[in-house]
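My structure is below; once you've seen it, I'll send some questions.
Order of writing sets the chain letters: A, B, C, D and E. Residues in each chain are counted from 1.
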Amino acid sequence: SGNGDSTDSEDGGSDGSDGSDGDGGSMDGGDGGSGGQETAEITYRDRSGGSDPSIYADVFNESQEGIQVNPSMKPVEEKYRALIAQISAGNAPDVLGLDVVYLPRFVQLGALDEINDFYESRDYTDEIFQPLREDFIQWDGDYYAMPFWIDLSAYYYNKLHYEEAGLDPENPPETFQEFLDACEALQQAGYDTPLSNTLGFVGLESFFYLPHVWAGGGEFLNEDQTECLIDEQPAVDALEFFLELQENDYSTDQTSTESFTYGAFAAEETSMMYGGGTGVGAVKNQNEELFNNMGTAMFPKPEGGERSSFLGGDSISVSTQTSDAKREASLEFIDWVNSEEGMRVTVEDLGYLPARRSGFETEYVAERQDIFAAFEQAMEQGHAPPMHPNFLEMQGPLNNAISRVLLGEQDPQPALTQAANSINSVLQS
Amino acid sequence: MADRIDRRLPDRFSSSTTTGGINWTPYLYLLPALVLYAVVLVYPFVDTFLLSFQQVTTLGGEREWVGLSNYEAILSDPIFWRAGFNTLVFSIGMVFVPLVLGLFLAILIDTGISGTSTFRSLIFVPVIVPLVVAGIVFGWLLGSNGLINSVLVGAGIIDEPMRFLNSTTWSLPSVLLMVIWKRTGYYLVILLAGLQGIPDSVYEAAQIAGKSRFETFRNITLPLLKPAILVTVIIGIIDSVKAFAHVYVMTGGGPSHSSEILATYFYKIAFRFFQFGEGAAYGFILFAIALTLSLLVIRVSGGSEI
Amino acid sequence: MKLEIENLTKEFGDLVAVDDVSMTIEDGEFVTFVGPSGCGKTTTLRCVAGLETPSSGTIRIGGTDMTAANPKERGTAFVFQDYALYPHMTARRNMSFALESTDMDSEAIRESVETTAEMLGIREHLDQTPGELSGGQQQRVALGRSIVRDPKIFLLDEPLSNLDAKLRVQMRAELQQLHREIQSTTIYVTHDQEEAMTMSDRVAILDGGKLQQIAPPSVVYSQPANEFVAGFIGSPSMNFLDCTVSSGAVETTAFSLDAPAGSEDAVTLGIRPENITLDHVGGDGDTEATVAVFEQVGSFNIVYLDIDGLDDVVAQVPGAKQFEAGDRVSVTIDTDRIHLFAEDGETVHNPPVFTKEPAAAE
Amino acid sequence: MSVSNRVRNAIAGGDDVNTITRVGTIGALLLASAMVALPLYWMVATSLKTATQISAYPPHLVPPTPTVAPYFEALQTGPWVQWFLNTVIISAGSTVFVLAFATPAAYVLARRDFPGAKPFYVMFIGILMIPAQILLIPMYTLFARFGLINTRLGLIIAYSAFFLGFCVFLLHSFFTNLPDNVEDAAHIGGVPEWRTFLRVILPMAKPGIATAAIFVFVFTWNEFLFALTFLQTEELYTISVGLQQFQGLRGTVVYNQLFAMSTLATLPIVILFAFFSEQFIKGMAGLNLK
Amino acid sequence: MKLEIENLTKEFGDLVAVDDVSMTIEDGEFVTFVGPSGCGKTTTLRCVAGLETPSSGTIRIGGTDMTAANPKERGTAFVFQDYALYPHMTARRNMSFALESTDMDSEAIRESVETTAEMLGIREHLDQTPGELSGGQQQRVALGRSIVRDPKIFLLDEPLSNLDAKLRVQMRAELQQLHREIQSTTIYVTHDQEEAMTMSDRVAILDGGKLQQIAPPSVVYSQPANEFVAGFIGSPSMNFLDCTVSSGAVETTAFSLDAPAGSEDAVTLGIRPENITLDHVGGDGDTEATVAVFEQVGSFNIVYLDIDGLDDVVAQVPGAKQFEAGDRVSVTIDTDRIHLFAEDGETVHNPPVFTKEPAAAE
């Protein structure tokens, strides 16, 4: 199937360039076409976290001639600082993998090129999971990116432990209460701390907490993005759920910045784990046996809600500073990462999730339904993060509120009210 | 100490090269350094200054004048003041605790009991340990299943492991623990040199005068060490205003800004929230604080000779 | 207060800094220590003050064994070469500091400080710090600091060596005056022979940690205990000439003199420069010589002579006596004042100490 | 002063030094040294543990089965040897650069009286007070214009600018304390000024220059903020960047490897210190006492 | 090379360090500068060397105006009090360093350095660094460093003051020897009168930046230009007594002497201590006095006298003459050798300079 994929991707690629030629006619796109004879070198920057996306470039470079992608990876924190420096200096990379929460701010700063025509000329857009088609890659009605590798939040569980505790490994808990009960049962079965979890990293509090809010019908911001809704009941309920996990010692230290979540779960010291896509690879690397006895599920929901997930990860964009010739090559690369071959890399090499439904229709996924079934469902039911240029600044107050509650310094409602006020003032400034 | 040298300085150098008219040679020696500054620092400095009155509309492109509003935004941000207060605490912890410890150890080493001088080098080692490493190691030591917790629990001092770095109460003290570890050796060395500069005969005069250990310390040692202590304190304060990595590598300023200091909050504004204008304004406020303190150093240590 | 040092030895590791030194210094006496650098002067003083613990030996002050006592119990005052003033305190505070830990009331302290300052002529500098005082003034403060404590024993370690020549002479006179007034037992260390000779009741000469001689200035000058003392005391130094003594005559390569009784063991003849009289040839001297160098100092002149194979014999002549290099001169030696030393350096013969001539008409 | 006297003054206030004081002093110093050494010991100990031993609670004080495997595993995660070399090049390069700029400047400021000497000196000190991070982005922009981004040279120049003020400050005090007449002697001998500077003054200031050099070396060795921003391709990373990268990447998972890398990052600088500790401590001490 | 200093003035801000000094130093002459600390000796030397730019005045070397010339053009050598050797270079390199910037070839340099080192007796120390050399050896290297450059004018600023007494005397003789050999014009600054008197062709006395007198040693001693010089030269210092001169007699409160011709303006009588002869009462002296203090120095003794209301008159008597405090003595003053000074300190009368007595039998 590898050959077929690669052929597909080349086709898709040439389609892409044709499309962009067409709409950029006034920009003398023909030059770009003739430049295709030589090798076009483009730069691609992304963050390296649990895995290393430079592999996209490697596979892509292998798969065709004419375009050479030079990747460069940085840890999250460093990447954006360096990126800002590069863009300021007029030195932007041609292709940017961006954590989606940064997308609006970068658009606002004029760093990302609008790609409406490119997006619309793709024949697979229908196939992109619904939540990703909207907020994820749009800002103010225009498209600035394609979805790229997707990370989502879910929980992992140890089927053997479930059996020991008398729980049904094929039907993991769905509601807050069921989840708490399961924890209780596991504790009874001798797993003192049944859940690996930490909210301590910047961004993780949204990644894990917000899906519980969404599950209860809550929202972070209102539709017009003029007001913060995090002090409403669903948010309070969700936080109380976390508090209960904490107070009953069901969970590892959720305020901890140092994290043993993956390690402890992999070592089978805990029975469940809040995690993202990288959890799969981490467990597989550390405990192959567990990997074969592991299930995933979407986060629990309050009674009557709909389970949700945080759809994060990266979108992929072209810089406004890229020359026309390189723009074409860049789009070709962008197109390729959503091809079958690109998605195979996403799933199999990086351990993240593809943006298109067809990405799930591979042998590899089929063999691992325990894991991917829940993920695929989450792709449908999940939420894109709140898309606002200052979302990062708003995370601070939310993070603080959660910390205060879990540290026992404040109750959920007042803490969230305080957070909402702070966030409102960010919205107004 | 400083002023005695100062008085001699002008006499000493007035004369070395002269043959009427302006002698350009000294400027030639200065030139490379000035060129380096001019080329490397002038543009960034001026650019940052301008940016502090602007807002970035296009990254690397247009900017919009916004007057003083960046400064206003910072000064009206409660977290800025919180960070300011934390910086004060941080400075005190960074300066005074190691100072007292360093002084105590310096006095012990100054007794000259054989073998004590090797301790000086040993206690100095943390000064040169990379900060990233220090942050990693202390984060690990202070973790909820780290060594410190296990010792404290084992000794029955606390019942349950403490979450030092994740506690709004303990995060700043935890960072300070690392800072004190890293800095005590530095002060020790400076103060020890100061102590060793006190002539023996002055001690002996006090001894013959029948002074007790405490009286001698209070009336002789401390006053004579004053210049060293004073300059050290102020340089320490400046260091603590500029300090960034100490907190950055350990808590990042959290939780709930409980360990936020001015420099880390600056970092967040500029590099996490991407508020560049505000960041520049913030940077200038930081610089102003450091500069004020540096002028204080110059004043205290007597004229321009630091 | 009487000070007795008995068999004092102080070792630093292998080095014997003070080697079995014994002496008794009477109450009110002024004794000067001289000797080459490193001979143990300072160390002895420090043992007396209690700043150094003797390796062996006894130190008795006023009859009480103080060998192991605290410095403060000894009642000694120590004036350091570098003054060792407290640099951050005013002259007044420097002087009063030691008194503050006694039960003396502050009014009495003030008065005592001011009286002493008055005596030392530094009354108007009392509120200055050492950095603002000249060397001589600092020296006075250092003295004052010791005096106010009314010490039983005064120990001064080269107190004038940091001062310039004129000031040194002046301070020397003041110190003598001071000693007359306070009459305390004093040990004074100096490098300056003139100081040693003129100030002290007795001079102690040390070498290599050993006491060579302790005696009044006139005695160490006229009757040195050994060749070392003879050479060390006096400037220009005594001339030492190899000699043999036989059948009642001291023979050198150039001349011979009558030998004093009992001087058969002597191998070295010592003659002080001022005991050589020179005349232009024609006088009937003991021998003749050639002037190698003639140095005109002022009140006296120094003549370097070549006497028949004896190089560098130094004579000191009155300022009015003029020669020049190359002159032949007749040399007369004052045979009454020759010194003779044995192989081991011990004195075989010394001239008598000068005595006061009986007043002519009384 | 003899040993015993310092002791008596400082500790016993007039009493003879006795065994109790001696034992007390040594004891207190040993305790302090133990506190200092503990985190470093813990770093090394952790680096020698296996992954499971690490999460043991209470922790093993001594690695039960010490293994150097984490070192080899960690070394696989990136071109650490290359990073190490980069760090050496950048640190050494910065050291040479900054000294080449700072030494002549400090020299004239300390030993020549010329119009502007004082304002210049104050300026150097003033620049020393700029928190470097506020200039990060404009400096990047500037350096990008000269093609200095993502080059070792660029980082070397940036470090040179930042440490210039400090080195001028430090060397100034050394030059000030050199005897004057030596320079005059050369001057009278008709030795050209530049030659006097190179052949007479520089060798005499060697201890000061060495101190400044070690200082710059250590601090550039440890710097990561600028290095992380200026260096973009992995082949150019420094150890600190690599470590930061490693921590961000896998640090939460493989602590023993992280500590192995930390140990390796610390070792060279500690070895350097062991060779020059006297020199370095003297320089540090002299610095602020001026 | 002849050195002419004309109206040299050097100001440091308000302070006039050198004040209108003029002198001519002949080729090959050895001139010593003396004077109290801060009188401008070093500053004058530095102006000559070109290390300091004069505020006004002219410096001519060998007839050429060098006032504004570079140090290296002047051909002067400067030897500093602290030697100022290059501490990191061997003795050899210290000596050759300046030559390396000339066009001299390296073989010639090597030879010149070794010849000089030979002459100074430091040949075997050429490969040691200053830290490995003793004070005296360092001093010789410093001299050698100057000598190899074959300077026209030698400037030595207290070159011996860091050496100890014995070594100083030895180096003094060597320096004289050296000067005889290389015969270069030399200015020598010293604090030590004995050095000044014994080494130089002429002595220049400075005070407050002003040149007081420049003359041969015997002249400055016997015929000081003014009261300052009279008091500065000679140790113990000249006695100054208030006097009036009338009708051919110099009258003090205690005695009167015959007045030399033309001395009417004199208000101060100067008598050197060695020109006062003391006898136990009974001799027929000019007056009588009481011994206040008797100091026994060795080769001579110093007597402080109270003469009828004149305190602190100092007499110097031979070592054999013994007195004690309280003795009454008869005082004889050598009237041939008195000095008289006017109100403004200028000399009114001086005794003649000592001359060599004609050889008795030639």
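As a working rule, a residue touches a chain if its C-beta (ideal position, glycine included) is under 8 Å from a C-beta of that chain, and two chains touch if they have at least 3 such contacts.
Not measured: the values here are computed from a predicted model.
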item	value
Set of chains adjacent to subunit B and to subunit E	C, D
Fitted rotation between subunit C and its twin subunit E in degrees, CA, nearest 5	175
From subunit C, the most remote chain by mean C-alpha position	A
Interchain centroid distance [CA atoms averaged], subunit A/subunit C, Å	94
Rounded Å distance, subunit A centre to subunit D centre (Cα mean)	41
Centroid distance [mean C-alpha coordinates] between subunit E and subunit D, Å	55
Computed distance of Cα centres, subunit D from subunit B, in Å	15
Contacts with two or more other chains, residues of subunit A listed in rising order	81, 84, 88-90, 258, 260
Touching two or more other chains - residues of subunit C	51, 70-72
Shared-contact residues (touching 2 or more other chains) in subunit D	5, 14, 55, 136-138, 141, 184, 187, 244, 247
In the complex with subunit B, residue positions of subunit C that touch it	49-51, 70-72, 76-78, 80, 82, 84-89, 97-98, 101-102, 131, 145, 149
Residues on subunit D engaged by subunit E in the complex (per definition of touch)	179, 181-182, 184-192, 195, 199-200, 203-204, 206
Subunit B residues within the subunit D interface of the complex	1-2, 5, 9-10, 12-17, 22-23, 25-27, 29-30, 32-34, 36-37, 40-41, 43-45, 47-48, 51, 60, 101, 105, 107-116, 119-134, 136-138, 140-141, 145-147, 150, 153-154, 181, 184-186, 189-190, 192-194, 197, 200, 203-204, 206-207, 210-217, 221, 227-228, 231-232, 235, 238, 241-242, 244-245, 263, 266-267, 270-271, 276, 279-280, 282-284, 286-287, 290-291, 293-294, 297-298, 301, 304-306
Complex contacts: residues of subunit E adjacent to subunit C	36-37, 164-165, 173, 176, 191, 193-194, 197-198, 217-218, 221, 233-235, 272-274, 279-283, 293, 295-300, 302, 316, 318-324, 327, 354-362
Subunit B partner contacts - residues on subunit D that touch it in the complex	1, 3, 5-14, 17, 21-22, 25-26, 28-30, 32-33, 35-37, 39-40, 42-43, 46, 55, 57-59, 100-102, 104-105, 107-118, 120-122, 124-139, 141-142, 157-158, 160-161, 164, 168-169, 172, 176, 180, 183-184, 187, 193, 197, 218, 221-222, 224-225, 239-240, 243-244, 247, 251, 255, 258-259, 262, 265-266, 269-270, 273, 277, 281-282, 284-290
